[in-house]
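The chains carry the letters A, B, C and D, assigned in the order they are written, with residues numbered from 1 in each.
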Amino acid sequence: MALSIRVSGVAKAFGPVQANGDASLEVEAGEIHALVGENGAGKSTLMRMLAGMFAPDAGTIEVAVDGALRDVTGWSTAEAIAAGVGMVHQHFMLVPPLTVAENVVLGRELTKGWALDRKRAVAEVCALSERTGLTVPAERPVSELSVGEAQRVEILKVLYRGAKILILDEPTAVLSPPEVRELWRVLRGLTAGGGTVVLITHKLDEVVEISDTITVMRAGRTVERIRTKDTTPRDIAKAMVGRDVNLALDHLAAPSERGAESVERGADDASALLGASAMESAPRSTLHAPRSGSGPAALVVRDLVVPSARRPNEVDGVSFDVSPGEIFGIAGVEGNGQTELIEAIAGLAQPASGRVALGGQDVGALGVRERADTGLSHVPEDRHRRGLVLDYTVGDNLILGLQHRFTRGASLDAPRIDDNARRQIAAFDIRPADAALPARALSGGNQQKIVVAREMTGRDYRVLLAAQPTRGVDVGAIEFIHAQLRRARDEGKAIVLVSADLAEILALSDRIAVMYRGRFATVLPRGEASAEILGPYMTGAASERVA
Amino acid sequence: MSAGSRMRAPLQEALLPALMALAIAVLVGDLLILTFGQSPGAVYRLLLEGTWGNAYGFGQVLYKATTLTFTGLAFAAAARAGLFNVGAESQLATGGFAAALVALGLPNGTPGILAVPLCLVAAALAGGVVGAIPGWLRARFGASEVIVTIMMNFVVLAALNYVVASHLHVPETLHTPETTVGAMPRLSAMIPAFAGSAANTVLLVALAAAAALWWLLFRTRGGYELRAVGLQPDAAEYGGVRVGRVWIRAMALSGALAGLGGLNYVLGYKHYYEEGFATGSGFLGIAVALVGRNHPLGVVLAALLFATLSQGGLAVNALVPKQMVEVLQAVVILAMATSVPEVQRLLRASARRRSATGEAA
Amino acid sequence: AEPPGSEGLDVGIVFDVGGRGDKSFNDGAYIGAERAAKDLGARIRFIEPGEGSDREAGLRLLAAEGMDLVIGVGFIFTDDLTQLAKEYPNVRFAGVDYAVATDSAGNPVLPPPNLEALKFREEQGSYLVGALAALVGKSKKVGFVGGMDIPLIHKFEAGYRAGVLHVCPDCQVIAQYAGVTPEAFRNPGRGKELALSQYQSGANVIFHASGSTGLGVFEAARATGKLAIGVDADQYSEAPGFILTSMVKGVDAAVYDAIAAVKNGTFRGGILQLGLKENGVGYIYDANNRALIPDAVRARLGTIRDSIVAGYIKVPTER
Amino acid sequence: MIVLVFLAQTLRIVIPYLLAAAGGVMSERVGVIALTLEGFMLTGAFTAAVGSYFAGSPWVGLACGLLGGLALSLLYALAAVRFRADQVVVGVALNLLATGVTRFFLRFAFDSSSNSPRVPGFGREHTGSAALGSLLDSLANPLVWIGLVTIPAVAWVLYRTPFGLRARAVGEKPEAATSLGVSVPRVKVLGVALSGMLAGLGGAYLALDQHQFTDGMTAGRGFIALAAVIFGRWDPKRVAAACLLFAAAETFQIQLQGAQLIPSQFVEMIPYVLTIVALAGVVGRATPPAALGRAE
């Protein structure tokens, strides 16, 4: 069949970050092509260049226009749209105060004289919506829509422009299973009509279900192109991470056997602390999946509800306990409330209701620093936004959140800060080993090591919140960080591990919760969990949630 | 990457825009001078002679640089926390007014050792309060501190005008009575060559303030947190910093620095508060901070530059009208504001190219 | 340039904020100085400081060069001139609109002997034009537009008001100010609206003391066909036919006289009160406005003037 | 009668506010801070006077006022959009530049530091003092009509035209506009240019109504217009209402005729205090366009 897209040797750097280096891609007309790879592999970057958002530093991009491949390297979004290339972005590209119809026609407005023809815009959007089955309220402002509806608007926007080549960047991350099925139907309809689809997703079952061909990216490069019918999720995963996934999992020590009798006691202690009402609402899931640590719970979370900018209940009533010496893994597709849950525990987000207790002390009224001083440590999911001040030196970043401990009188204690930096850099093998370098100049893996070093050995803590601790980090660093987490667990720390990477969760956790739409869909002991069992809970296909 | 090249990049980033801005200003200046049928060379020579060329002119430069240092530091302190304080003018006026008020209120013959610190504290406090209000509005309501400080300039200056015009002025003037209490000596009392120039010991307060701000920003926990808030508020919050409080504190600090600037005129020079003494100093402070890259040392140097320009304007007045200097000051700010991000981009792009070719080799 | 201090007469003049071209007292000083240059052979240097606190620097620059006479134009130079006159006893100084301070007993504090305070009694001139406005306006209402709401301008209002009430005790004086910041001297739009509202409420004549804001008053006079009174210099040309007169200050003559006094060795220092008696203030009566001022009115003003000169009428300086 | 007088005066005062504030709405709605309205107005006033003087026609003056504001706004767009310089700093610098440049050329062209000669303007002369006359006089000024239609026009452009849709999108979420092939810089430059032209017309109104340019004649009106934009929460209708409120307060103060009920200083504070109050959310939250002031 004829090629619809051909990308060869494309490179793109953002400052020091080499997002793409020698990436290539071949997509045939009329197929659904899946683009997979770990977080930070450069998938979005590559597709954004294809859609004309910015130009590559090197390489060529060709797209079939009127049946023949044409070099379109460095074209603009306007040109891409005109040539029938449309992209649905990973992050919403919608203007919240504008209506659905306005968002759809933006840049391609219908006019009556000099004025917008708003009636016709609404009519056309409604018609398109009917034709594709993507129902949206055409005259409502986008700010009032649910995430699923917003996603549909995004797809409508592209279809409205008559896209022949449709690029979807993780469209299912925020969709419910029926919505996903709906989407597949729309995409199949599109390819049946001669359209081409490139689909970025992290869910390998989706890949297998919907795609015809798969391209795997790793560290900015294309590593493999496979026919879907010739492969299995396991092979894809192997290609993605560059080594045998099972091998990696197998060598992990299984969580130690622990007595079941300690479980109930721990829960009781916590409940006593939080009062009778907490007792009544003690989650069944806690009982269902007994804590595996010993002694009273180090972290108790009860009925936590956390709002976000999008909705009032991003976290919608979550309860759990974590014991000392236990890793409590929270799996789930990103955007199901994990971020808000962790931030609420850390004191960064204000819960609407519910309680958090640390080592037996209710910390609801405490600020971030006070919670940290009570024994909470936190590896945040977004090191660039939260975890590091990128323009501070490595040494200064190694005391972020601890700055009040490194003072002498009013001033910072420079010798101790230097000394701390030297020790941490050596212990965690942070490279380059230069405390005076700005954190911005380090690679992602080394940046993450700064955060991990600071949070795991820089302070006394009882509870560690580790959110996506290895995202975008290379293999060596991943092993190292995993080892640190296990060591901490063995030292009796209580650890909450949030990861979008199921393998990571399975490799490290003693108990595993799956978060879906703000709630725990299930909580299982490690022994009862496997990727096959957890998968359906992650997508909402299975649920045993009890309020 | 060698240590040398690591130092060089920020230095280039700091100096290149300033040099570019100066070059553009000189170019525009030449054009303006030529339109008045004068020779640029002669004008620049006169400008230098009238400023750095003699002790008096230099004293005047120091005097003007003193006020500009304070307003420049004020802008820089807020900018380091990620805020724009466009209200230095009213904070400066309020500080000067408070100092005059305290000096007038103290009994005659109060020794300087007692009076000066009191006036100092009054100026800093008054300026600090005027600065803290927009900081609080930002922290509490998310109100843009840019707009609030601009609006407060009008409000505060009108209020001061009301107090002075209806209660405190000396007949036939726009100033309060002169105070003998709390006066700070002129530099000429120590270095006779400065005779006549307005340069006074408040200059030392300015230098001390610059040093103190440097220490505060770069050596204390408060400064660590303030700069973190300015660079990445989310990271600061994660690091246990209460961002809103830092905003309020930074604006109060900024206002206090501007308020201290009022001493230069009130205690160091005229010994009274006068309507309009702060005119223009606030906006020029923004330019000073910009050229000085929000670094206390840079601010002091940039204040000297702008003070030279403005004193030099007087010196070249025989050849070109004063309006030219006004135009030039605006051009310097404009060129600077434009070239900072541009130079940054160019330098980073060339660094990337170099490292790319380096790797290839 | 040849160095000052050699033979010949070197004069330096520092202008007020408005600077040269203000069509008012800065230009008056300029005219006086130019005349002195022509008639007396004086070499004149002019300096225009910028806004803010640059005034002293300009004066000192000239004093340090050893000028024979340094003149500061504007009340704003008062303190600086006093200071410099003490520091440079061999240089002579003159201050246009110099504000004489009073001690705690209310007596004027004399300036240093090498400093001549050129004081104009604006209130006397204002008194006359106030009487004129009431007599010509005939509507029992007269207007006044001030610039910035400050004591200096209140002096104009006080004299004007007293003059109005002298000839028309039941007249009403509408006095308004354009603002509270220095911008109030540069806001003709506001001046026009103030004047329009005064004209509309029945005033037929408005006197302004408000810098360029007054240009708006003239514009209102044009628009309504009524009359306005200019200030400081003869402002007839700004709105011919609508300017009843201008309350003028003899800045040019005062500056010329000061320069001449230095040349002739008769420079005395001290306070020079330039009122009606000294012809330091007055109102314009010439071919341009003769038709607007009836002879009877002019005669009446003559009488009033004489009474002021003789001291029978005391003109207030505060409202 | 008194109502008529009040109306006529409020009308005259509000026109420059309406023009400049309409410009402010355009600029801020595309995400560029309108700190420069004062400078645009002053430049427009000056070029209007120069144009009217040398061409002998107020219409040429009007066009020149528009072009003067446009010229400065293009400089603003160059710095803030093309070079992505900080808008606050550039805005402050441009206001200083406008003051300096108008003074420089006033001196250069007319050898005066205070005002230009009289220039032709709109409107009839010698209308007598009747209130109706002055109202009619105002209505004979085309700039009054332009001022009155500006706000509806801006509202129409903003809410009813493709450009307006793009402008709102760019001010709220430029990356969304970019992804749909809308050129963000072009929309921003257009918005800023429109604000320059409108504010320039506001300045032209001042100069042509006064029949001359005087140094600094805008006297802070640009900042009052900016205050109106914020107080009116960036919505043309509300902004117009804010302009009217501020103008009425001024008229009220003028009509009080020096009856010093409250010191004039406090009356002058009204627009500024109201703006601060509005920003503090006392009268409903004032939420600026989401991308306001952002460099990219």
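To be clear about the criterion, contacts are C-beta pairs under 8 Å (C-beta built on N, C-alpha and C of every residue); 3 or more make two chains touch, one makes a residue touch a chain.
What you see is a predicted model, and the numbers here were worked out from it, not measured in a lab.
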Label-sorted list of chains bordering both subunit B and subunit C is D
What's the chain with its C-alpha centre farthest out from subunit A?
-> C
Geometric centre distance via CA averages, subunit B-subunit A, whole Å | 45
Just how far, in Å, is the C-alpha centre of subunit C from the one of subunit A?
-> 76
Whole-Å gap separating subunit A and subunit D, where each centre is the average of the chain's CA atoms | 47
Would you mind pulling out the distance in Å between where the CA atoms of subunit B average out and where those of subunit D do?
-> 29
Multi-chain touching residues of subunit B, meaning two or more other chains, are 158, 161-162, 165, 321, 326
Check: subunit D positions touching at least 2 other chains come out as 107, 220, 265, 268
Where does subunit A touch two or more other chains at once, residue-wise?
-> none
Determine which chains touch and list them pairwise.
-> A-B, A-D, B-C, B-D, C-D
Would you tell me which residues of subunit C are touching subunit D in their complex?
-> 18-24, 26, 48, 149, 174-177, 179-180, 183-184, 186-190, 192-194, 196-201, 211-212, 215-216, 219, 222-226, 238
Of all residues in subunit D, which touch subunit C in the complex?
-> 5, 9, 12-13, 16, 107, 110-115, 118, 123, 125-129, 131, 133-134, 137, 206, 209-212, 214-217, 219-221, 250-251, 254-255, 257-258, 264-265, 268
In the complex, subunit D touches subunit B at residues 33, 35, 75, 78-79, 83-86, 88-90, 92-97, 99-101, 103-104, 107-108, 220, 223, 226-227, 230, 263, 265-266, 268-269, 272-273, 275-276, 279-281, 286, 288, 293, 295
Can you list the residues on subunit B that touch subunit D in the complex?
-> 32, 35-36, 84, 86, 137, 140-141, 143-144, 146-148, 150-152, 154-155, 158-159, 161-162, 165-166, 283, 286-287, 290, 321, 323-324, 326-331, 333-334, 337-342
For the subunit A and subunit D complex, residues of the former touching the latter | 51-53, 76-82, 87, 89, 92-98, 102-103, 105-109, 111, 114-116, 118, 157, 161
